[in-house]
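One chain, subunit A, appears in both complexes that follow, with subunit B as partner in the first and subunit C in the second.
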Partner chain A sequence: MGLLTNLRDSILRVTDGLFAADEPKRIGIYGPPNAGKTTLANRIARDWTGDAVGPESQVPHETRRARRKEDVEIERNGQTVTIDIVDTPGVTTKVDYKEFLDHDMDKEDAVRRSREATEGVAEAMHWLREDVDGVIYVLDSTTDPFTQVNTMLIGIIESQDLPALILANKTDLSESDVTQIANAFPQHETVPLSALEGENMDEVYTKIAEYFG
Partner chain B sequence: MPGATPDVDGGDDPADDGVRIDMISGARMEGLTSMEKIRLILDGVREGNIVILEEGLSPDEESKLIEVTMTEISPDDFTGIEIETYPKPNAGNKSFLDRLMGRESAQKLTVIGPANRIETLHKDENLISTLVSRQ
Partner chain C sequence: MPHQCIECGRTFSDGSKEMLSGCPECGGNKFQFRPGGTSEPSTDPTPQMENSSVGLSASSEASAPSEASAPSEAASSTDTLDPTDTTESPADRSDTSDPTGSSRDTPSGRDATDDTESASDRAAGDAGEDTAQASARSDVVTPDELDRASREVEPSDQDDATEPRPDIDELRDELNEQFESIRIVSPGTYELNLMELYDRQEYIISLQEDGRYVIEMPDAWGVDEE
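Entry: the complex of A and B
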């Protein structure tokens, strides 16, 4: 039964993809907390629609709900690619409200933020299994990419056969090391960028059109 | 629940004197549903134990483990899990049939513990070094 169910699911995924070819693809922006996912989502949305997606912050788990920006039309090489971008909460396996106390919050606010953060991570995982057609995986190029969350998420994305573009963000910082990210996930292409400064966005858009068009 | 961790208490809680480690064989996990595996892991971890899986979880199960863990986090009680496995071999090594059928090799030693008791000191392709503290 399991074999038949898997085969049926695989065929359904392929046929769904064929029949939904004209629909904008939902591209989830995933990654660990504070990698710059919302900064990237805002950069893409502002460049192509003039609007932002959500507030950016240095405080972890600023994004606690998945936010979708629909019908983002990206023009590349005379062609237009239309996608919905979904900015997701940073994925983690642990949330301790005490970490927020270091960011000028009282206990009540910290507890509320941690509760919302846990709901957001659960929601992000659900989106990944059910509701996205491709993934932009954002990593902070100043930090070690060999974390369990990165390993698991890349594995989950690969197991879903979702197209995935890995972005090494924060290249404007002196500690940035794009090579360590490329070495950590050699099976994927890594594109460097600074979402904050808008560095290398041309290549990012070309790759988005190539991967998700 | 099938596969639940047996009670090894002999009066006083042995966890008071040290750290309990449950090493769960692949055979024991075989036949459990995804949710039964996740429950087995989280029940052990929430008791303060370190759970070592001989064969690990599938990516889909890992995804659900994160999701269920998030729903169980509560202030001053449970802050989540620390989980470590060796990085997965290149996805390109999977056979065509495996990819077509969505089959994943889940054979990867996996260590899971309470986030407030286990800390990863070093991790690379061949070595995972962790520090486990008492409660």
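Entry: the complex of A and C
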């Protein structure tokens, strides 16, 4: 699978170079675990293609492999923006199988999930290095955004000069604090939303078209 | 010379490859490290020199030049001196109750030497253990000695004391540099160095249970990157 993926990606890279103007931009959905990345990816995919990207879960690290949804056409203001969405595993600096034991999982499954999640983080970081043209950074607005992971990832994204849209997710929850997210990264625009409830998706799509069109 | 064969005394410069296949002189494969040539073997005799047969020579050979081994080893181990572990040397067995410790104005390395002695003694078995060694194992170090031991180590750290503390970001960067990209703390528990994962061209695609991991080498397929 690695070989095939590698070959396909290589071919895609070559074609990207040839038809750069016409190819859809590949937008990575990044963020810490359980921020709602897959929920957002599914929301976008369902809204514009009718299909989902992957299963959502309350359990952290449900997404352990980057999943791509290609040719998502988003219409805004009479124009169409086509993007490829890459839903990436949640990025973290530590993965411990014990955190899965609370989610009705036996030790063997938890250890395997932990290993796969670690591989997923490695994959997500690799994608960030060379395979994405823009980033949607999803944060859980009920949690403190001042973390090493967020600071480091936003720093990498900025150093790459990638266009980045920061989303403050989970505004449907009472503990949501969008201001805290906006204050953490004042150099970027922050858009509040609830991917689960579909709140404020109009503005999200407008910003996606603006940033990545 | 930083390295010395403890069999024949031949010295080697730091980084010498000669010693990698054993001492070319005598074929010995035990060497000691002597930083900066600071310790001249015969300039610093200590009272326990007469007991040196229980020292390093236990692990080397009886024919090894004992006057060269003990002091230099002491000098090199001073930095790692653990104050809680500084039991009395054999020569001090009758002085352990002396609160002033006035009879022990010997070089700082002595206690460290005793550490190596007791270690090598243990390795060599109980043969030749005398009352001094028994005393060294059983007696408790006095607070006065602890204080003195800690002060004696300080001069070697004086550079650190005068230099300004490094910036926390620099420190973090330095630590990040040293970390592996993925550290397996225990099965199912991993620590990840995100910068390292981001920076490396290879792509880790599979972790194995035994700590190995499989990487995808972008160049292995002859594909031009960019």
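The definition used in the following text is that the second predicted complex is superposed on the first by the 194 of 213 C-alpha atoms of A that agree within 3 Å, B and C clash if a C-alpha of one lies under 4 Å from a C-alpha of the other, contacts with A are read in each partner's own complex, and residues count from 1 in each chain.
Quick note on the criterion: contacts are C-beta pairs under 8 Å (C-beta built on N, C-alpha and C of every residue); 3 or more make two chains touch, one makes a residue touch a chain.
Only a predicted model underlies this, so the values are computations on that prediction, with no experimental measurement involved.
Visitor: Does the subunit A-based superposition show subunit B and subunit C clashing or fitting?
Guide: clash
Visitor: Give one of first, second, both or neither to describe whether A:Phe146 is in contact with subunit B, with subunit C, with both, or with none.
Guide: A:Phe146: touches subunit B, not subunit C.
Visitor: Using the touch definition from the top, say if A:Pro55 reaches subunit B (first), subunit C (second), both or neither.
Guide: Neither partner.
Visitor: Tell me the contact category for A:Ile156 with respect to subunit B and subunit C: first, second, both or neither.
Guide: After superposing on A, A:Ile156 lies in contact with both subunit B and subunit C.
Visitor: So, does A:Pro186 touch the first partner subunit B, the second partner subunit C, both, or neither?
Guide: Once the two structures are laid over each other on A, A:Pro186 reaches subunit B alone.
Visitor: Give one of first, second, both or neither to describe whether A:Gly78 is in contact with subunit B, with subunit C, with both, or with none.
Guide: Neither partner.
Visitor: Where on subunit A do the contacts with subunit B and the contacts with subunit C coincide?
Guide: Overlap of subunit B and subunit C footprints on subunit A: residues 3, 6-7, 10, 91-97, 111, 114-115, 118-119, 121-122, 125-126, 128-129, 152, 156.
Visitor: Within the complex, which stretch of subunit B touches subunit A?
Guide: 58-60, 62-64, 66-67, 69-71, 73, 75, 79-85, 87-88, 90-92, 99-104, 115-116, 120, 123-124
Visitor: Give every residue of subunit A touching subunit C within the complex, in rising order.
Guide: By the definition above, subunit A touches subunit C via 2-3, 6-7, 10, 13, 91-98, 107, 110-111, 114-115, 118-119, 121-123, 125-126, 128-130, 149, 152-153, 156.
Visitor: Considering the complex alone, what residue numbers of subunit A touch subunit B?
Guide: Against subunit B, subunit A makes touches at 3, 6-7, 9-10, 91-97, 111, 114-115, 118-119, 121-122, 125-126, 128-129, 146-148, 151-152, 154-156, 158-161, 184, 186-187.
Visitor: Per the contact definition, I'd like the list of subunit C residues that touch subunit A in the complex.
Guide: Subunit C residues touching subunit A: 181-182, 187-195, 197-199, 203-207, 209, 216, 218, 221, 223, 226.
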